[in-house]
Each structure stands twice: as structure tokens, then as C-alpha cells.
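Two complexes follow with chain A in common, the first pairing it with chain B and the second with chain C.
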Partner chain A sequence: MSSDAKAVNTATAESADSTGMSFLETNRRKIFATYLPLGGFLFVLLFPFYWMGITAFKPNNELLSREGNPFWVNSPTLAHVKKLLFDTAYPEWMWNTVLVSVTSTFFSLAASVFAAYAIERLRFSGAKQVGLAIFLAYLVPPSILFIPLASVVFQLGLFDTRLALILTYPTFLIPFCTWLLMGYFRSIPFELEECALIDGASRWQILTKIVLPLAVPGLISAGIFAFTLSWNEFIYALTFVSSSELKTLPVGVVTELVEGDVYHWGSLMAGALFGSLPVAFIYSFFVEYYVSGMTGSVKE
Partner chain B sequence: MFDKLQNSRNALGLIFMMPAAILLVLFLTYPLGLGVWLGFTDAKVGRAGEWVGFENYVFLATDSVTQLALFNTLFYTTIASVLKFFLGLWLALLLNRNLRLKSFFRAVILLPYIVPTALSAIAFWWLFDAQFSVISWVLVKMGIIDTYIDFLGSPWNARFSVIAANVWRGVPFVAITLLAGLQTISPSYYEASAIDGATPWQQFRYVTLPLLTPIIAVVMTFSVLFTFTDFQLIYVITRGGPLNATHLMATLSFQRAISGGALGEGAAISIAMVPFLLAAIMFSYFGLQRRVWQQGGGDK
Partner chain C sequence: MASVTIQAVKKRFGATDILHGVDISIADGSFTVLVGPSGCGKSTLLRMIAGLEEITDGEIRIGDKRVNDLPPKERDIAMVFQNYALYPHMTVRDNMAFSLMLAKEDQATIDSKVGRAAEILALGALLDRYPRQLSGGQRQRVAMGRAIVRDPQVFLFDEPLSNLDAKLRVAMRSEIKELHQRLKTTSIYVTHDQIEAMTMGDKIVVMRDGRIEQTGSPLDLYDHPANQFVAGFIGSPSMNFLPGTLRRSGDALRVELSDGTQLDAPQQVGGMDGQPIIFGTRPEHLRLVSSDGARGAIPSRVVVMEPSGMDTFVACRHEGVDLAAIFRERHDFAPGSTIHLQPDMSCAHLFHAETGQRLAA
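Moving on, here comes the complex of A and B:
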């Protein structure tokens, strides 16, 4: 027993960071205290997605019936998807969302790189206060800003255009990206820049040839996060755009697929499913970057 | 001239800050000021308002719908934040154990947070349907209830239903950020306390919790901020109904300003949320900020 326990001990000590003292737990206890509650969490967190998926392919007579097993589809149908693609402006909403998210993310990222570098590395006078102001800007919620912003958009003649969204999304993207990138730039040693300065590099060369290549993970984190934020944005898109063909996907699905009291649950769920898939797909490739972006954003 | 510019931190800093600063001043700072101004005017859509002093606020203070919305917002924020905190902490502690497929669990659990809220809200709308809700179906089959639950039809049912949807969406964020905090706690603390005879509860109470407090403060500030200003969930699931029972400040300001056209009154409702937000930020900042001993200094 002793040699076994020793082997276990050294094994856990080697991977000590994550395992800690969990070797003291018995298997049975582990199942009841860990896997069972975790399974419960997973079920509740994922069930709405399963429900979305299954509803999207259920024929109406199965949807609107209390008989039979609601958890399975007996005769799957593509009618809802077909209605969505050919009888509504869904493809256009998708295209609008892609266009608005990609451009606003790109511009915000570019502006944030310069701002973060200036605040963190150029240290101009007042850089600290500007950094704090950026953080405070991050805390301003869109739902207290949309009314006056609507009137600004109107005054600028941008009401009911995609440009209105491309220009207003950076109000929450830039503070977030700048804050995140400031953290990444802070982790790059000063010495690298000093060496380059001695070798006669300009600030521009330092930024493009030394700092940016080293900050690529940070750029990906900020970019992915900004993209999902703008893809998911709702209140600005709802307020600043009114023509059907210019709406973004979440707004289009919510406002256009409901006709009076008739709820086309199948198409609604299909719309929700296909609107969620692109972000979920991108997210699945960049989970680590996404998580580090999210946890980085709440660290001081 | 150009060389000189290159070497001046302030000039270069100013140029680098330009794109971000222009966008933020035009679309964030200016609208924020404009919002405060609009709150003191009787502006309508398409008509510049005139200064009316505190008239909007006096009216809102006596308006029963606004009072109800304030109550709803406080109730919604309190219950949802408390639930998100406890469930999120629990989930984080579960994920922090030595698990198989840990990174898979972590990735999957974040899904509710990354898909567009408006779209997952539609799934909840369907799950809460009065006639065909699958939750009711299961409860009836199990013999717990006789008639289908009218989730969104009566005030208290509706309130708890939207809170459930909000908690569903918010738990992953709290869990994953707290997990990041848990992973920074060195396992040697647990080993040392175990040798001293600490029970698991004592370890949690005297090791985990104190070391986690700073990150809890930040996470919960964000969580409270986003819950208090929530808009999408309510707008999609209930539009504030039934009988205004789920109207939050944000949805009410949208209804009054954009649907109803009373920009001034809507802006006043938005601005009225600011003191509450500041109070939440101040509370977590001063109440839970990093203590000296947590940074390795002496206890005061």
C-alpha cells in the first residue's frame, strides 16, 4: 500500500497545479459530489440548444400537439428552413450581420492597437487618466446610451443605414479591446523596445515589427471577443435600423418572424439556431483565446 | 520636423490616440452628456425639446408604471445576481476539480454566454409557452401538476421565468471567470491547511473564499451592472408584460422614448439608472477590494 500511495503522491505532486489533493477522494464520493451536479448543470445549460435544434426540424402538427414524445422528431421536415431562406429576408440579415460585425471589429481593433500602445508604452502625459477613462467607458451600458445616441445618429443623417451600426458598435468595442490590449502590451518586456530604439528603429517600426507580432494572441482574443459582441448586439440594431432588409440577424428574427399572434415556432427556432451557429463555430476554434479574453477583461 | 515628431512622446501619443478618441467622444461622451440634457427637456421624436427642469423626474417619481419598473429592476437584479453567484461559484468549484475532459466541459459550458442573447431568449420564449411548454409536459407526465403552467401569463410567474432565463445566460460567465481565479490559488495552501487538520468546509471558508474575494468583487460588479441594465431578454420574452410586471428600467425607457416618441422622458428614465449603477460599483470597489494581506503585506 505504502509504495502505491507514494507513487500516487509523486504523480499528483508532479501535476500539482490542477489536481491538488483530490487523490484523497473516493470514486463513489467523486461521482456524487462532482459528476452528478456537473451533469445537472450541463443538462440545464445545453437543453435550450437541443430544443432549438429539434424544434427547427419538427413539422407543425407535432409541434402543436401534446401527444407523443416531444423530445424526438418522428417525421423531420425542412419546411421551416425553406420558409426562412426563401420567404423572409433571412439571408440578407445574415449578410448585414457579417458585414457590420467584421468591419466594426476590424476598425475597433486597429484604433485600439494604437490607443493601447500609446497609453501603455508611449506614456504621454495624462496616459494614466486616459487609461482610467477607457475603463470607465467600458462600464457605460448601451441601454442608457441608446436614446441620446439615436438622436445623434439621426442628426448625422445615418438613421436606417448599416453605417450607423458600424460607427456605434466601436463605442463598446474600443474600450474593451483597448483595455485587453493594454494588459498584453504590459507583458512585453521594455528591453526589447529599448534595443530596437538603440538600433535606430522608429516608433512605427517598433510597433509593427516587435510589439504586434508578440501581441498576436492578444489581438486574436480581442478580435474574437469583439466579433461575438457585435454579432450579438441587439439594442442599437433595434433602434437605429428600421427597414427590414437592413436589419441584423437577432433583430430580424425577433421583429419580423412574428406575424401578429401567429408564432411560427419552427422558423423562429431555425432562425435562432442558424444565427447562433456561426459564433459557436468560430468560438469552438478559439476557445482558449476567448476565455483568456473574457477573464482578462475582468482582471484589474 | 518628422523626426522630431517621432521622438516626442506627447505628439506621437496624441496622434495614436486620435482614432479611438474621436469615435469615443462623438459616440460615447457626447451622447452621455446629451442624455443628461434630454432628461431635462420635453424632446419628442422629430422635435427639439425645451428645458423643463426636473419636470420629467417629478412626473416619473409619481408614475405608477415607473415605480413598478424600478421595483422589478431591483427584484430582478437582486434575485438573479444572488443565484448567479452561488450557482456560478458552485460550478467553478466543480470544474476546478481534477476532471476528465475538463477543457471540453469548460468550452461547452460557455455556450449560453456566447450565442446571441436575443436568439436564446426566443428558445426560452418557446420553452415557456403556455400551451406547449415541454417543462409543463414533463411535470404533467410525472404527475406533479394537472394543468399546464402559464409561465408568462401571471405577474409572479413571468418575473421568475425571466429571472431563470437571465440566470441561465449569466452563470457561465460567473463560473468561468471565478474558475480563472480559483486556478491562481496555489495548491500548497490546501496541503498546509489539510496537515493542520482543516475540514473541506474550513478550507473553503478560510483559504478559497478570502483569496477569491477580489475577483468575486469584479465579476459580481460586472454581473450586477449587466443585469440591472438588461434589455434583450425582457424585450424578446415578455415585452414588459403581463401588466408591466416584468418591465425593467431599460425596456420602459425604450417603450417611452422609441415606441412612444417621448425622448425626454425616456432619457430621464435611463439617467435615473445611473445612481444605482454607481452605488453598485462603489459598493463592490470599497467593500471587496484587494486587502493588503492578500498581496503579501501585513494584516491591518
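Moving on, here comes the complex of A and C:
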């Protein structure tokens, strides 16, 4: 089912629900049962962002003063932003992060599609074990994996290049995406492929004309996940890259905006804020697909 | 169009034998129904013909061509699946055109073929809809349309009607039959519903546990079932079976039921005096006779009456064995009362008590 139809469905289901049940609920009950807990959640979740936002625009004297209201900015300033953009390599970090995330996500997705399809549908002997092995590979924490990977990166002469990150990120992205896509492919009825086979499609045509179009929600959620994971990645980016202009956002912000024990809070927060905007934007754009990808099933 | 020949075909999944050597020859242009209880291997056989399952042993030929090692697309067949297997992301038109597009037909040919199939199946108004916007019967028709456009040698159907409600199933049944009369493409149809088999097939193949029990025309199977299984499987309500003994005295042959009721045997059959047999009679071949001891009548206790308007179905019990009777007339028996049923012995069936095989004449 495509997203629009699904949206209509859930919308009608919801409205049917709310009209069907609403007569049971008084307004007061609604406030206590729904809006109050929801408000609490929202507050806990959004407060850090709010803090990040106001800190980014607070002048230093206000930031460090003990007087006044800490939850508000009296005289907003762009000084931190200016410092971030012009006195650090922030634009380069941003570019590096985009480049590394996009390419590694793209390659990982492509590899995962083939891997997941082969494991799920080609039924070669040992497919199950391979699937399991891929999952186990995902369970090895990066904090252990970065040691052997560092040696590989060194020997390949890739240390301190963007390529080091582009090649190492797939080590955790591919297992993750493969697992997500395997689940998704499993939900596509077998008969569709058999029918296509009889209709004269080759394996490749079945993949591109039947399976992938039906797996779009799955691909999008895998893509978002992979993108977010590589956007926020820290350990590899910290160890495999040392030049300032090659750093990624998360590493750049914390290594270059903390000098000894001096925290440039304003710029730090501004950097974090701008760094989280693209991810938030992508999430909000695809959230519909994303949800259906997670619960994912193809219905005829 | 082509004939299909299945010779000594076996199928093994791992260590389990599913088909134990199946021989069927299907004439060009015929409508053959494979019928049997669930799990007997009908779908497996059909999928082997389609090329979706490997053939463990034996040979399948379509026309003169041995197809054992051909991939599905080179077998020139079309298959209609139980759950239709329409491509959800394509419109009805694209669903039907998919195989033609893969075959790189030019757009004009595709349009005319799809248009013709749509016309045959009355799908013209639905061409731009998606499968999810169609009713069950419409989806079923699209699935058939997809098969028709390819103009294949053989149509394969795997329980295409079992997802439809009873009324629609009856309507689609005649629609498929009509379609076959019009196109005359060799068709192989799998079902576990004997009524579908009886009403649709030119020829019925009854299967059980990976073996063929009997092959023949619908009425042939109905009138001359080769064994007790086929006799019980074909026909609804199904045939009554009563244990009895064969009595031979000179030329006269009689069947003695367990309560001593004596019935004149239908025709000369083989079998010794005193041999235990199964006596089979269909519900519609039981006649109501007056209680005072008409010859060859079976005393039965009425359990349930089910009048349907057109006929009256009576479930009875005789000596602990269930017995069903159908009368064209309307009756009203009190449950628990005893009625006397006289089987029409010219339509009776005698089976070997152990093997279940029909006693040979």
C-alpha cells in the first residue's frame, strides 16, 4: 500500500476512533490522560533543544552571570555564530559530514539491498547463517572495532582522509541496513516474484521493477537510519582523522571549541544546533515513510 | 495451444516424498482439474508444470517439448495464483501489460492486446485503478486478464476462487468456464473443492497423498468411482458407506448389512461368498418406503432434518453408521423416528472392505 492510501486509512481509522470513543471522555479526563503526560514528555525531550537554542544566542556575560533569568536571552547576539562560521573550520566540517554521510549511506544501502535480497530470496545454502553472521557483526561495538580498523586504515594509507570514514562507516551501516531490509523484503509476498518470473522477468528485473518499488518505505527508513548514524558518528571520526579541515561536525565541535578547560559554550551550542538541523529536516520530511517502513508490510 | 504430458513425475522435498510417480496426459484444448484433499500435492504438481519447482524425477512435456529444465518464462504458460499476486504498485493496465513489456512488444501491440483482454473480462473501466481499489472478484478478473494477454499455450490456475465468497465463486466459476470455451486454451485447474471440479472440468484427476486415485470425466467419476476414496470425495452430500457381507447362492448375489438387511446386488461382481465389503449408495439414490418391511429397505433413525426448499436433506443413523438421504419431495419426520430407506441397487457401489477398491465385475 502506498503512503497516501495508508495515510488516508490511518486518518479515517483515527477519526472513526475518536468519534467512536469520544463520548466516553470528558474534557477533564482528556487533559489528565492525554495532554498532561504528553506535555511532560515533550518538555523533557525538547528542553535540551531550547537550552541549546538560547545558549547559542546569549552574549557571554549573560551566559556566565548568576543574575537574571537563565531561561531567557535579554540581548541576543550573533557573536557565537560569527565565531563559529569565520574563526573555525565549521563550514568545512559541515561539508565533510555531508559528503561522508551521503556517500557511505548510499554505498551501504546499495550493498544492503543486494545482500538482503540474496539472503531472503535466493535461498542459497547457508543463507540463514550468513544472515546471522551479519547480525552478529552489527553487535560488535565500534569502541572495540576501531582498534583493528585503525590498523587497516593505516596500512591502506588512508589515515587522515575522508575516504577512511567513507570506507569504515559501512562496517556498521551495512549490517544494520541489511537486517532492516531483510525484514522488509520478507513482507513482500513470494507469489509476486513467482508471477513476475512466469511473466518473463529476470532476477534483475524482478529486483528493480517489483521488489524495490514495493520496498521504498523500507529503503527510506534504512536510508534515514544510516544517514543519522553516520552523521552523528564520533569514535571513527575522532581516531581516523586529525587535520582540522577534514573533521566531521561532532568531532570538530567538541575538539576545537573546547580549549583546555575553556568551553566556548555559545559556539558549541550554535554548532550543535546547526548540526542537528539537517537530520531533523530529513526526519520530518520522510516521517510518514519511516513509520510505515518500521512496521512495514506490503499489502495488495 | 498444446497438450501437456506428465510422465512418472516425482517430487521430493529434502527427505520427504511428496509426489510418488504421477502420470497424466492432458489433451490439447481441454480443461483438466486436479482435485484432492489439502496437502495431497496438487499445487506442487502445478508449480512443477509452471517451472517454479524442480522436477525430482520423471518428465513433463508441453506440446512436444520437454520442459524439465526450462525456466518458467520459456515454457509459454500463464498462471493465476490463489491470492491473485497482482503487482500492488502498478495499475490494472500495467499489471496486464507487464509481461508484454518484458517481451519488448511495441506499444501498439500492447495496447491492442490489453484492450482485447479488458474487453473479454469487462475490465475496461478499471484499467487505471490500482489493485487495492478493486473488489475481490475484480482482482480475480485482472489476474485472469494478465494470463490472457500473453496468449500462452497453457493456463494454470491454483485455487483461483478460494478467496472469494460463495456467491461470487459460483459466478466466477461459470465465467472461467465460458472463457475457456471461448479461448480454448489448454487449462489445468487446481482445487480442493469437488463441486468446482465437477462443474468446470472436462477431465478430473483425483489425487491423494501424492498419488493419482482416478482420472476421468466428471460423470464417469461420479458413476463409477474406482475406489472408496473417490466415491466419498466426489459428490455432495457424499456417498453413504455401510459395512456388509457378500452373499452368493448360485447365480444370485446379495449384500447383507450388519443388521441382517438383505439387498440384491446390482450386477455380477467378483468376490467370494461371505467376503466383507463396503456397500456405497448416494443420498439421492435412497427411496422412502413404507415401514412394514419392504424388501431391501434399511431401517434408519432420523437425526436431523434440513429442508432447503428445493429438496429435503435427512441425516439418519443406521447401526451406528451415519446415513444421509435427499428427497425431492418435502417430508417432515420427527427426530428420533425410524424411517425405511430403500437404495436403488442399480446405482449401488461395492468396495473391497480392506483395500477400498471397487469390486470388479
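Here is the rule we go by: the second predicted complex is superposed on the first by the 246 of 300 C-alpha atoms of A that agree within 3 Å, B and C clash if a C-alpha of one lies under 4 Å from a C-alpha of the other, contacts with A are read in each partner's own complex, and residues count from 1 in each chain.
The rule we apply is simple: a contact is a pair of C-beta atoms (placed from the backbone, for glycine too) under 8 Å apart; a residue touches a chain by one contact, two chains touch by 3 or more.
Keep in mind the model is a prediction, meaning the values are calculated, not measured.
Contact with chain B, but none with chain C, is seen for A:V253 once the two complexes are overlaid on the shared chain.
With both structures placed on the common chain, the touch criterion links A:W231 to chain B but leaves chain C unconnected. In the superposition on chain A, A:A110 makes contact with chain B only, not with chain C.
Contacts of A:P213 after superposition on the shared chain: chain C is touched, whereas chain B is not.
Touching more residues of chain A than its counterpart among chain B and chain C is B. Once chain A of one complex is fitted onto chain A of the other, the partner contacts of A:P189 are limited to chain C, with no touch recorded for chain B. Residue contacts after overlaying the shared chain place A:L78 against neither chain B nor chain C.
In the overlay built on the shared chain, the residue A:I198 is in contact with chain C alone; chain B does not reach it.
Comparing the two complexes, residues 298-300 of chain A contact chain B in one case and chain C in the other.
Residues of chain C touching chain A in their complex: 50-52, 71-73, 77-79, 81-89, 98-99, 102-103, 131-132, 139, 146, 150.
Contacts from chain A toward chain B in the complex involve residues 16-22, 30, 34, 37-38, 41-42, 44-46, 48-49, 51-52, 55, 63-66, 70-71, 110-112, 114-115, 117-119, 122-125, 127, 130, 137, 139-152, 167-168, 170-171, 174-175, 178, 202-204, 228, 231-232, 234-235, 238-239, 249-251, 253-254, 265, 268-269, 271-272, 275-276, 279-280, 283-284, 287, 290-291, 294-295, 298-300. Residues 6, 9-10, 12-14, 16-21, 23-24, 26-28, 30-32, 34-35, 38, 43, 87, 90-91, 94-95, 97-99, 102-103, 105-112, 114-120, 122-124, 126-127, 129, 131-132, 134, 137, 168, 171-173, 176-177, 180, 183, 187, 190-191, 194, 214-215, 218-219, 222, 225-226, 229-232, 235-236, 250, 253-254, 257-258, 263, 266-267, 270-271, 273-274, 277, 281, 290 of chain B are the ones that touch chain A when the two sit in their complex. For chain A in complex with chain C, the touching residues are 1-2, 5, 189, 191-192, 194-201, 205, 209-210, 213-214, 298-300.
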